[in-house]
Amino acid sequence: MKKVEAIIREEKLEPVRAALEGIGVYGMTVAEVSGRGREKGIPLQWRSGEYRVEFLPKVKIEVVVLDEDLSRTLNAIVTKARTGERGDGKVFVIPVEHAVRVRTGDRDDNAV
Amino acid sequence: MKKVEAIIREEKLEPVRAALEGIGVYGMTVAEVSGRGREKGIPLQWRSGEYRVEFLPKVKIEVVVLDEDLSRTLNAIVTKARTGERGDGKVFVIPVEHAVRVRTGDRDDNAV
Amino acid sequence: MKKVEAIIREEKLEPVRAALEGIGVYGMTVAEVSGRGREKGIPLQWRSGEYRVEFLPKVKIEVVVLDEDLSRTLNAIVTKARTGERGDGKVFVIPVEHAVRVRTGDRDDNAV
Amino acid sequence: MSSGDTAWILISAALVMLMTPGLALFYAGMVRKKNVLSTMMMSFAILAVIGVLWVLYGYTLSFGPDKGGFIGGLEWIGLRNVGQEPSSAYATTVPHLAFMMYQGMFAIITVALMTGAVVERIKFSSLLIFSVLWFTLIYCPVAHWVWGSGGWLAKLGALDFAGGTVVHITAGVSAMALALVLGPRKGFTERHPMEPANIPMVALGAALLWFGWFGFNAGSALSSGGLAANAFVATNTAACSAAITWMSLGWIHRRPSLLGVATGAVVGLVAITPAAGFVNPLAAIPIGAVAAAISFYVMMWRTKQKVDESLDVWACHGMGGTWGALATGIFASAAVNAAGTDGLVYGSAALLAKQAAAVGVVWIVAFAGTWVIAKAVNAVVGLRVKEEEEVVGLDISQHGERAYGGL
Amino acid sequence: MSSGDTAWILISAALVMLMTPGLALFYAGMVRKKNVLSTMMMSFAILAVIGVLWVLYGYTLSFGPDKGGFIGGLEWIGLRNVGQEPSSAYATTVPHLAFMMYQGMFAIITVALMTGAVVERIKFSSLLIFSVLWFTLIYCPVAHWVWGSGGWLAKLGALDFAGGTVVHITAGVSAMALALVLGPRKGFTERHPMEPANIPMVALGAALLWFGWFGFNAGSALSSGGLAANAFVATNTAACSAAITWMSLGWIHRRPSLLGVATGAVVGLVAITPAAGFVNPLAAIPIGAVAAAISFYVMMWRTKQKVDESLDVWACHGMGGTWGALATGIFASAAVNAAGTDGLVYGSAALLAKQAAAVGVVWIVAFAGTWVIAKAVNAVVGLRVKEEEEVVGLDISQHGERAYGGL
Amino acid sequence: MSSGDTAWILISAALVMLMTPGLALFYAGMVRKKNVLSTMMMSFAILAVIGVLWVLYGYTLSFGPDKGGFIGGLEWIGLRNVGQEPSSAYATTVPHLAFMMYQGMFAIITVALMTGAVVERIKFSSLLIFSVLWFTLIYCPVAHWVWGSGGWLAKLGALDFAGGTVVHITAGVSAMALALVLGPRKGFTERHPMEPANIPMVALGAALLWFGWFGFNAGSALSSGGLAANAFVATNTAACSAAITWMSLGWIHRRPSLLGVATGAVVGLVAITPAAGFVNPLAAIPIGAVAAAISFYVMMWRTKQKVDESLDVWACHGMGGTWGALATGIFASAAVNAAGTDGLVYGSAALLAKQAAAVGVVWIVAFAGTWVIAKAVNAVVGLRVKEEEEVVGLDISQHGERAYGGL
């Protein structure tokens, strides 16, 4: 099993969710995060003048998938989250050693 | 060392925290997240009629434990977080290569 | 590649960010979390009397770095986030198997 | 001049002013987080812009010396001849300036009401242009017809105590026309959930609206005596009755909700507006209850259509105002207000017919007029933001702000 | 009839109306996030329900022609004989309808006050049933005894300018009885921290309460002259004095907190309520300060018990109202208000004795009456939500809503 | 005594009271999340403290029988000789107590205004000490000079209808002096972004300020007639005009923002304050517009300096009040108010010269006096919190609270 951690634009959550549903990936966990990278922050209006916020709102999607679903999942996310502008985000793949479904106690591949 | 990531119902945080304390696991980090899976969202009232929210509030607990504490930790979480209804959540185990305690600079097993 | 997960005091985000920038690490993702550990919660005022909150606000910084940048990164974080009081936080290092830059599709070391 | 009446009109004007920020909160709590500021901004900007235009030319177009029943003359332009003494035509016991300002607050909120239809996608600059045109071409004439001395609907004998027709029908019907021209929000047709950002904010907004509405309705007595008290009681009772009704309907269908109580109260306040000073206070109970039922089901029906009149200005204000205007024809009693006349339950159908006629005229004028203005603005400058701007949210894209500061 | 007095009563009625939403915010900010809407909903629903019942039968039971000193007759049911002219019994310079509505706002907030005791666990339907019974069986009679013309406590000579006994003691003592019947929140006995969701919301609620309280107390002069001014000044001064005292006590124990200032101000307002129109404005300083000290330590004591009277309606309103009623017996001066009499500091102990008697009677009636009603409702329909519902939160389980929209 | 005038002054006093909580919201929304409560707390605590000091000695120092033009005597200490009857010196148609309280609300908000300069770093105890000294040594004398009967600036012939000089210049200029003594927030000089925590809260605060300002300005007529109406209209129009101007300037530079509209409205209200009862309502349009432009660019300039006068009390109130005082000298018309005189546009430069003199005197007194008081408080008890306390945030470090409850 792998955990796919995708940090994407907030407004791309919906298309990504739909695309994952399309390939049979339902379960996922989402958090609101802030990120910085090559994108150079965003200028916001102050009362007069403006200031720059370094950390921009992003969402982080975490999906644990079976090894055989990994590349499809990556694909779906990368395709749907892309705008081509700086700040589109990153996807990381992290090994998962065990999984448990709390409701049933099912383990590992059965738990995802 | 392993990182245990448990995504559970918000209202189960308190019992899980207490159970972990019971087995000597104090340190943990908690985040508010939203999740979806087999549970089918929740219907909310609109002004007239209702609509369905797909992502439900969950909390994610992260606890890094020594390898020998892993199974006790999993057990405590799974037992206390269970209601038997869909949406109880998942627990994932992820390898941790190093740990550092910021205050002292202690490393790895001494840092947990 | 490694993912460095640092759970630190909120007010240390800014110095840590600056220190990382100083060693050439720009990209990072930050989340507001709550933690507990040896630090013994914080007493808050109620209308009369007070009560103790167990979970304290922290920020979690996630930075994925190349293996060769790992120790510099750890160093920068640990140095800048330290106050010497309980509650300074922890840093964990987690293996990353793949990375993708959404905007370009660049993979792994090129994506960080 | 009466110092008691003047105190009452001045505080009523302040109360009605507060309704527009109240509306800003009421609406802003119901949109998604990324559009909270933009939604508030619409009401605040309209308050500022119409506030100035009213003293410049709105008042004279609406209430200035009558020209053929259709419009006020320019004799009072820029507050010329509008002074500290009472006018001879309106509210003769309070300073003319006080009456002028009180009326101005109505104009402001009427324009702001429509913004509920177009949140989360309208271009801010275009909204301002539309608002100025609509205010000039629709609001001022209709206000003159109904309330201006010599206005043709007033002469016909149609009654509108505090603005069921002038304020709520015009705003509600126009909101629908504007929403139809503008088109639905991205994701609306696919039924993406659009969760309200902040329901406590909605409730606070509703509370300020309710509070301000005492100025709106009881202030419309234009003096501080028995009639004001009558309107005050009717107002409160209608709000309560409609809130109970809406809550109960929600409960029957599933759950009693705070959003429902807040909405019901507002709809009750809308419906009693034209009637408050013509009906017995107890008539407010059926008036409020029926209003809530109508709006509830109309809203449910609207939601099922492909029509994204987003915050249901039409269902709440259009339908509530229409029912209120007709209910005035049903429940009015000359014993309550000698300036009124007896309605259906007191044996005369004439008033109801006149009310229906006035309603019909204003529906048509508001819908058609707004359609034309909206199409024109759309053709010249475009009504909608770009798709990316809508997706990112109007707070950032239109105003360079976000509601809640980050880390 | 006086247009100045009428303006003052109408705006005072509006101000008192605003207190109930203010209370909703004050309470809702102090509960956990999952119960914010449910807490607001209680006040809003009570506003709607009691608002209608008051015009239907509450007013006549409370103020209608006296029947033996114990209750008002049904002569004014459904506002019969309550019109635009002044009544001959009450507030003879303002429309009877205005007096009726002004009093109605007191009834509403009294019922809403009690909800602070039962937040986060009471079943919404049961709360409504309880509220209707309590309003009918406790509030209306007690209001008649103290304020109705012919009421037996009034005849006894007990003074209650704006509702220390009628509003605050009844609500505060009943809140305790109701909380005892209902039982503590899950986790309360184990001292789980229950962090207030939103302290700025509490402060905003307190500000609206303070603002509205000018209508509550100074409006109770029922005319707009020197007595209203006296009550106004006493009201503000008591709020300030109590806020400083509470802040200082918090500081002595640990830190000065905003929650403390807000609570102190409210307690000061409670305590001055019965006294405002009978005492010298400067007496408000000790009245407020002592009230804050009493409530502060009573609240601390209560918190240490196993009693979950959650938001301390008893400590704030029950004890504050009791002290205020007694303080009226101490500080009243016939020079301030000819309708009053001299209190202890002016050399007469008689008034204090009467005040104590009235306090005692109302404590007993409120506590016993509420206990019986609560037990009955509990037996028939159950007062509490199911445990899972409490755990999930009442916003979702009772109302199908959540306060702040998600992603 | 007039019941209409009394109703108007009482409700105006209530409105002005509400401005201080409004200010608390306005300011608190603009600081970082960790300092929201501390910012609100400053205004609430000042409301409580000055509220008591005013009745004890502030009123007599400011308005008591004149001593040589410089200060009021102690004849009215502790409200001695301040009763339910009108005073012979001020507001002769309303109870003396009502006038006293109305003026007290001005004192409160003036002190609270300054807190905007020092948020996020001042020690709470020191702020209270500073506030009491400043109130006693600066506010009371200046209020006497301008408004006390016999005050030397009043005798000079300088006009200040509702407090441009007394309230806004003193607060704005003193805020700058205090900020200079206190020093900038940590991170300010390095230009760390300090994002406003809650812009809807700012907008709500601005709305309550606007609403309350009707009491502030139109109440300053001290009677409810034509002059109050004139001031009311001028007030609203200036707010609108300044809001439009600020919005447009923001747009020219980049985007129209809600923060800008809210700030603009407040600046317009500031500027019209001294003029509202002396100028034609239409003069409010240029007065508001110019005020917004001045404050906008002064604020931009200030932000570029190393001066952390954090929420721009000086740019908004100091500069707005200065322009307003001068504008009174330009636009005043004896036809509007016989107690005034003709200004520059009506052909006489004398008034403008007097206004400039009064402005100059008050600038110097406020700046120098505040500098001395601030240095003294700093020397004795220290003005700033410790660096760690500042970093953690004042909510936790000064008040042991946090605004929004956690999990």
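We just call them A, B, C, D, E and F in the order they show up, numbering each chain from 1.
Just so we're on the same page, a residue touches a chain if its C-beta (ideal position, glycine included) is under 8 Å from a C-beta of that chain, and two chains touch if they have at least 3 such contacts.
Quick caveat: nothing in here was measured; it's all calculated off a predicted structure.
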| Just how many steps, at minimum, does a route from subunit A to subunit C need if it may pass only between touching chains? | 1
| note | Two candidates, B-E and C-E; the one with more touching C-beta pairs is C-E
| Same or different for subunit D and subunit F, when you check if over half of the residue numbers at their contact belong to both copies? | different
| task | Give, as an integer number of Å, the spacing between the C-alpha centres of subunit D and subunit B. | result | 49
| Distance from subunit C to subunit B - Cα centre to Cα centre, in angstrom | 18
| Distance from the CA centroid of subunit D to that of subunit E, rounded to the nearest Å? | 34
| query | Which subunit C residues touch at least two other chains? | reply | 10, 30-32, 34, 43-45, 50, 53-55, 94-95
| task | Enumerate the residues of subunit F that touch no fewer than two other chains. | result | 2-5, 7-8, 11, 195, 198, 204, 254-255, 257, 259, 399-402, 406-407
| request: In the complex, go through subunit C and note every residue touching subunit E. | output: 43-54
| request: In the complex, go through subunit D and note every residue touching subunit E. | output: 2-5, 7-8, 11, 15, 32-33, 195-200, 203-204, 207, 210-211, 214-215, 218, 223-230, 232-233, 236-237, 239-241, 243-244, 247, 254-259, 261-262, 264-265, 280-282, 285, 336
| note | As the complex stands, subunit D meets subunit F at residues 1-8, 10-11, 13-14, 17-18, 21-22, 24-25, 28, 36-37, 40-41, 44-45, 47-49, 51-52, 55, 78-79, 83-85, 94-98, 100-101, 104, 124, 198, 201, 204, 398-406
| query | Across the complex, what residues on subunit B touch subunit E? | reply | 10-11, 14, 34, 42-45, 50, 53, 55, 57
| field | Residue ranges of subunit A touching subunit B (in the complex, touch as defined) | value | 1, 3, 17, 26-31, 64, 94-103, 105, 111-112
